[in-house]
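Listed below are the structures to be examined.
In what comes next, chain A is part of two complexes: it sits with chain B in the first one and with chain C in the second one.
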Partner chain A sequence: MIAEKTGLSKADSRLVMSFMWVTFISLLIGGLMGLLQTLVRTGNFNLPFGIGYYQILTVHGVILGLVLTTFFIIGFQFALMAKTVGMTNKQRKWAWASFWVMLIGTIASAIMILLGKASVLYTFYAPLKAHPIFYFGLTFVVVGSWIACFVNFHQLYQWKKKHQGEHSPLLAFMVVINMLMWFICTLGVAATVLIQFIPWSLGLVGEINILVSRTLFWYFGHPLVYFWLLPAYMAWYAILPKIIGGKIFSDSLARLAFILFLIFSIPVGFHHQLLEPGIDPMWKYIQVVLTFAVIIPSLLTAFSMFATFEITGRQKGYTGLFGWFRHLPWKDVRFFAPFMGMVAFIPAGAGGIINASNQMNQVVHNTIWVTGHFHLTLATTVILTFFGITYWLVPVLTGRKIDKKINTLGMTQTIVWLVGMFFMSGSMHLAGLLGAPRRSAFSDYQGSAQAAEWIGYQYGQAIGGSILFIGILIMLYNFFYMTFKAPKGVEEFPIAEAPDGSEPTPLVLENWKLWIGITVVLIAFAYTIPFVDIIQNSPPGSPPFEWPIGNG
Partner chain B sequence: MPSTNLKHQVEQEHSSSEPNLKGTLISVSVVGGFLVLSWLAVFGLFLAR
Partner chain C sequence: MHLHKYEKIWMASGVGTLLVFLIVLGIGAFYQGTQPPSCMVTLDPQNVQAHEAFKEENLGLQQLGEKEYTLNVLASAFNYNLGKDEDGNNVKTIRIPAGSKVMFQATTEDVIHGFQLAGTNVNMMLEPGYISTLETTLDNPGTYTLICNEYCGTGHHLMTATVEVYEE
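This part shows the complex of A and B:
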């Protein structure tokens, strides 16, 4: 009966819950490491048992940036696909294969990091060299995610075969766009790991081309950000309208925004390498222009969200210029948490535009401003939306209901998170503008006057980090409660509908060959000439450095 | 004459089905203004340094 109402079978629920368990265990481990980092950076705390700062920094980045996100997203997307287009037993078997392959990879990499054999940070920049098992582990995570990609593609393909001439459900369309982007961009990181890092870490080759490895990493690294963000956008476009009692503003606009993300998210990696020598400035300029094109679908999203809220409010009878704002369900955590994530995306987006602008990048490059930005985008906008999703998804999966207690705890958790992030990310932004570096343990830099300006902000980060850790503990309790304790019942799987009498969605928006073709052409345009130039004119490669932090 | 009437009717139907999005217009303008101002602030910092 529950399966009939939620649209998910018990087997589907078990699969998705497995992904959720890895997500929340990762939150605890990665969050604890984040807290320790902020404490170390006050200069008044030393890590016990000979644990290194860069070791915990790597655990934090890999476990939260790569593992938590990928597991949550793939699990959430399996739930969306099972609900909207269905999942066959065979597809579910492959989905389980993706889970296990990713988990084996995660455990292998995590063991190497915890042993201090892979303190190379989550970007694993060469010439820092980790133990080869670290790179093999990451390969498994990516391969596992590819299996999930093909399961999702096959799910939509089968649905389309049965529903010829119909539009695919909006959420299924969005999942496939996200996985297409993920597949195309992970080809870059797979290439650098398989062709460069693994042979080099095994000692089969003596040197590595640094610039090629970083270019391939950032070919992947920027769309990675959108791989995190698009599932949040799925919830904003197609789930939140249902929670507020409204309808989707425009099915066509939502699909167009996702297509634009597919096209413009990938050929933009050079904006992470603006201060890197060896890349022709002309091509950096071109990729900066393409980066600014990604602003368009984000602004389309902002417009669409405000319009959804306003139209719904006016339909409920709220008048005046901003009267509609009052109708929003401010006391419903399923709305409040993602909404606060949206609000955080305004300064986060502003910071992103600053980072990607050539001159301003020189002000903030490699400063802790960038870390602050990252914590607004991923650790606030995306994570608060993921938490908001959790408050209905986990009860749906466990056959329980969200009750008053969990709603109140969820609201508290969201506020604690926002306060913690205000202090932590705010301090990071300000210290960064004063030149404080990122990716570095505490140092007074031999008593330098400039470094003395940063210490107050480093305490600010520790205060914010401590508050955030309390937020993590509340969230973990909420997860346990919704899994084991919440009252049994049927929770709604909220999916919004298109408005009545809306224009039919143009068929061209689902012309996959066209959009994939444009994406490939644009990537080829933005990368071919500079990449050939990098390979032809590179300085000699670098031998590995295992010390002081890589594989000490 | 009949074509003018038809045009008028279409316009009337069009305007009655269009939702009121004045609040949205102002909201997105505020967001856009914030983006521009923060960009200019850091650009000022770049010039000052």
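This part shows the complex of A and C:
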């Protein structure tokens, strides 16, 4: 019965819940590491048991940036696909395979980090050398995610075969776009790990080409952030309208925005390498221009969101210039948390534009301003939306109801998060403008007066970090409550529909060959010449260095 | 595909602003010459001394002319080598008169490092096998901290030096 109404079978629910468990365990571990980092940076706290600052920094980045996000996203996407296009038993078996392969990889890498053999942060940092198992583990995580990609592709393919000439469901379309982008971009990181890092860390080759490895990494590193963002956009476009009692603004526009993300997310990696030698500044600028192209789908999204809010409010009879706004369901956490995520995206996006602004990057590159930036994008916009999803998804999966208690706790959690992030991200931004570096343990820089100016902001970060950790504890309680305690019942899986009488979505939006083709051509345009240039003008490679990370 | 009138206005002003912004960046970079540091010169990271600028005797501040200097820096975990003073001690502080044009020229002999003069726009990555250069005029007197802002290992946060810009 439950299965019929929610559209997810018990078997599907079990699968998705397994991904959720890894997500929330990661949140606790990674969040604790974040708290410890902010405490260390006050200068008044030392890590016990000889644990290194850079060790917990590596754990924090890998667990939250790679593990939590990938597990939540793939789990959420399996739920969306099972709901909209269905999942066969065979597909579910493969989905489980993706879960286990990713989990084994995660555990293997985690052990190496905890043993202190892999304090290389998640951006790898060749020629610093981690234990080979660290690289193998991360390979497993990526390969596991590829299995999920192909399960999703196959799900939509089968649905299309049964529904010739029909449009794929919007959410299924969005999932496939996100997984296509993920597959194309992870080819870069897989290439550097398999061809460069693993043979070199095993001692099979003596030297590594640093700039090639960094370029391949950042080919993956920026689409990675869109891989985090697009599931949040899925919820904004296709789920929030239902929660506020309205319809999707425009099915075609939503699809167009996602296609633009697919096209413009990948050929942009140089904006992470603006201050690196050996790359022609002309190509840096070209990729900066392409980077800014992703602002277009974000503008589309902003318009669509507020149009949905206004249309829905007016249909409910709220008049006046802002009547529709006042009467949004502010007390429903399923709306409030993602909405606050959207609000955070305004300063977050503006900060991102500054970071990617070619020569302006010099002012903020590798300062803690950047850390403040992605704690707004990932750790506020994306995470608050993921939390907002959790408040209906977990009850749907566990056959329980959202009750008043969980709604109140959720609202509290959201506010705690916003307050904590205001202090932490705010002080990071300010300290960064004064020159305080990111990825650095506490240091007075030999009594430098400049470094003394940063300390106040470092206390600000510790205060914000402590509040955020309280937010994590509340969220974990919420997760347990929704899993084990909330009253049994049938919770709705909210999926919004296109408005009545809307124009049919143009078929060209589902011409996969066309969009993949354009994506590949643009990547080839942005990367071929500079990449060949980098290889042809390469200096001799670098041998591995283990001692700087306290290893050997 | 139908686009609402307001949406057309919104997108046109958004994309228009974007284009103006990119043109401004482009003029700054290609016409006025404020490119991000992108030196293309390579060397052997295991034998940096083979390059003239990074021979022990050429490290540190070199005066080229009236208020014109080159600062050659060899980075390694976890130290900036700025040469030796007359007594043979390692230089930790560089003094430059205000208003000087300075070419910062640096490389690394081991892993990746950062090179940031806090409070200025001097900020670049140092990567094995490449020379990084950045030219700037230091107008404002003060004491500036040179910090490694790119992770290089357990002692990363201890890697620092000082640049004093003094009024003549």
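One rule holds in what follows: the second predicted complex is superposed on the first by the 549 of 552 C-alpha atoms of A that agree within 3 Å, B and C clash if a C-alpha of one lies under 4 Å from a C-alpha of the other, contacts with A are read in each partner's own complex, and residues count from 1 in each chain.
In the analysis below, contacts are C-beta pairs under 8 Å (C-beta built on N, C-alpha and C of every residue); 3 or more make two chains touch, one makes a residue touch a chain.
All figures in this text were calculated on a predicted structure; none of them were measured in a lab.
Q: Of the partners chain B and chain C, which touch A:96 in the superposed model: first, second, both, neither?
A: Neither partner.
Q: What's your read, chain B or chain C touching more residues of chain A?
A: Of chain B and chain C, C contacts more residues of chain A.
Q: A:289 contacts which: chain B (first), chain C (second), both, neither?
A: second
Q: Touching A:150 in the superposition: chain B (first), chain C (second), both, neither?
A: neither
Q: So, A:183: does it touch chain B (first), chain C (second), both, or neither?
A: So A:183 meets neither chain B nor chain C here.
Q: Going by the contact rule set out at the top, does A:52 touch chain B (first), chain C (second), both, or neither?
A: A:52: touches chain C, not chain B.
Q: Is A:307 in contact with chain B, with chain C, with both, or with neither (first, second, both, neither)?
A: both
Q: So chain A touches chain B in one structure and chain C in the other; where do those two contact lists coincide?
A: Looking at chain A, the two contact sets intersect at 299, 303, 307, 353, 357, 359-360, 362-363.
Q: Under the stated contact criterion, what part of chain A meets chain B in this complex?
A: The contact residues of chain A facing chain B are 299, 302-303, 306-307, 310-311, 314, 321-322, 324-325, 346-347, 349-351, 353-354, 357, 359-360, 362-364, 433, 501.
Q: Provide the residue numbers of chain C that touch chain A in the complex, in ascending order.
A: 1-4, 6-7, 10-11, 14-15, 18, 21-22, 25-26, 28-30, 34-46, 77-78, 92, 110-112, 114, 116, 118-119, 121-133, 143-145, 147-158, 160, 162
Q: Tell me, which parts of chain B touch chain A in their complex?
A: Touching chain A from chain B are residues 17, 19-24, 26-28, 31-32, 34-35, 38-39, 42-43, 45-46, 49.
Q: Tell me, which parts of chain A touch chain C in their complex?
A: Against chain C, chain A makes touches at 52-54, 119, 121, 125-128, 210-211, 214, 250, 252-253, 256, 273-281, 284-285, 288-289, 292, 295-296, 299-300, 303, 307, 353, 357-363, 365-367, 434-443, 445-446, 448-451, 503, 505-506, 537-543, 545, 547-550.
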